[in-house]
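These notes are about the structure you will find just below.
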């Protein structure tokens, strides 16, 4: 089966059971949202999928391949990308370099590559720069491409991180609060981009953790509602967010 | 004149050391305190290969690079499991261990007595003996290594190291393997230092363990901290400045007995001042964390 | 066999001194979370003040030793007030603090070398009175070392359990922000951490100097021994520090017995590296689930 699937994941950290037997499927061509109160374990699920944490129990499958316990960089090389809640840009680089470093092919990162394939390297750099400029233009940061990344505002840094992710062409994107800290216009833009990506390329899988219910209702096709480390409800967005129990438990109306 | 040539030779040797270390400290963002170990292993390996095995200069240099590379691998694999203070401590531990071995394994290294009478380098039958000849030899070596390092600084490898330095988690999330990239930087930096060791040993024609102490490693780090890291000009500025500083002090007419201490006091104060005023060094682009 | 017994007695003495060093270093490393190389400078200052007072001004040891300890404490607080506190006020990361403390160490040690010379200074001349117990010889200073070292370690342990302020200092290492949130006197606690650390450094320094003398450059070795003991034993576990110190002393003694004293450093750092690789939380720390980074 294609797509990303987690099965019976459990994780205990510092004596607290943060995730308890969570099973979920994230299908391509669809935006899935993870919602739930703070501390429900949404970010932990991302950390478990990406290899920043290893699960105590359970497994992560990607296109039927068991990727549990792989190193984060190995998970990324399978085509699974991650946007962090705290943006995590590379502060010592310019805006353009931030994206270029993301889209250089893995093989070119061998220390000997520039000596073995100097011509190919300059072609790769040129190509990466063009692609980076395209994506910077796309998120509206092209004018700032030669600025040090540390001089950007929080919202701009988030857009930069998104550009970095998009330029990489990941097949699965796990986005931790993509809309928080963004202006309404930027939020719209990011949402439109994500929707366009899944509608144009039915092969892409997008999972978002989001607190802004408006964003979730407008964007997500499918919702997993989490509470206390477990999946409480899941289903089509309007069904889950329309359910009385969910409204009472979480949304409070 | 000879004095000036001597200074230029020393600057060239130190440029090799600091520009190599820059890859680990400035690009990788890892405070490594064992660069003098690789410098020392390079110097001793070349000396022993030339004197005991009877290998020619160029072959000795290349073999030393290989030997030092193996040492760097052996030190880097355990050390790079760590970041921050524990990394500093592990590299410092290896510095202390290798120094103790160089100092106490008298059968091999003659320990504190040092090894005198190291042969002059000879290349293709031409023996380098005069100071100006030596200047040319060192400059050639330094030039080739600097070009090599600058290509690496600008390669995707260098860029990936910077990414890891700025945010290891995010860089991992983009598919950069921290351990392998850092290990690559560490080994390259060690191998490069080995060449500096070969040049130093055959230039001075005498080595003893006190040239490769913890203080030497700290001095190399201080050069980087003062000059700045993460680019080419930072280490160059730092090296020239800190190699010439004691010479400038000499003109103040300090007696030889106290000059080394005065110099060290100045180093100490300069470091503290830089941490307050300019933690990224004179011309660096990376701030310590 | 006699040799081994004698070496073990020496190990107990060394362990006492190493324990003092570990507590002195560990206090700052654990409570304030930074690797303070300046500790080595304080170590050297204390002994040299004693030497200056007793040799140059002829002040008897019973008066100059407390003054040396006092000077150590004073310099420790001063270094913090002039360098570390302001840097931390700017929000300096730990790497900057580490490097700044290195600068402080280099400057102070070389200033002392400039004044007193680089060679070894000895306070007590002539033979130290010693006692023979069967085949073993123990000097008066060694007995003092054992008494002072182990009393210091036990007193500190008692104060962690009983004294509120020391308890708070111990807790500070777990959650530094809590101290400010709870309205505890951060500045005063910081001063106390630095004074206590200096007290232990000075004690270790002076009793070592009385035994074997001192040169300006031993501070780094003292600092590293303390640091290795703390990390090998387990940063978050007080008895681990003392056990780490004892382990180093013991293995060094065995090293001397089997090989020679010249490999001591190799043993110390060998223990450090092996521990960090196989038990990064420390050998003696209570079993804890491996935390993910």
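Note that the chains are named A, B and C in the order they appear, and that numbering of residues resets to 1 at the start of each chain.
We take it that a contact is a pair of C-beta atoms (placed from the backbone, for glycine too) under 8 Å apart; a residue touches a chain by one contact, two chains touch by 3 or more.
These numbers come from a predicted model, not from an experiment.
Taking the mean of C-alpha positions as each chain's centre, the chain lying farthest from the centre of chain B is A. Chain B has the C-alpha centroid lying closest to the overall centroid of all protein C-alpha atoms shown. If each chain is reduced to the centroid of its CA atoms, chain A and chain B end up 41 Å from each other.
Between chain B and chain C the centroid-to-centroid distance comes to 31 Å (mean Cα coordinates, whole Å).
Taking each chain's centre as the average of its CA atoms, chain A and chain C sit 48 Å apart. Shown for chain A are the residues in touch with two or more other chains, namely 52. Against chain A, the residues of chain B that register as touching in their complex are 151-152, 154-157, 159-160, 162-163, 165-167, 169-178, 181, 184-185, 188, 230, 285-287. Chain B meets chain C in the complex at residues 31, 78, 81-82, 84-86, 88-90, 92-94, 96-97, 99-101, 103-104, 214, 218, 225, 258, 261-262, 264-265, 267-272, 275-276, 279, 288-289.
Per the touch definition, chain C reaches chain B in the complex via residues 35, 83, 86-87, 90, 92-96, 98-100, 102-111, 113-114, 118, 220, 224, 227-228, 231, 262-263, 265-266, 268-270, 272-273, 276-277, 280.
The residues of chain A lying in touch with chain B in their complex are 50, 52, 71-74, 76-77, 81-82, 84, 88-93, 97, 100-102, 104, 106, 108-111, 113-115, 121, 124, 161, 164, 168.
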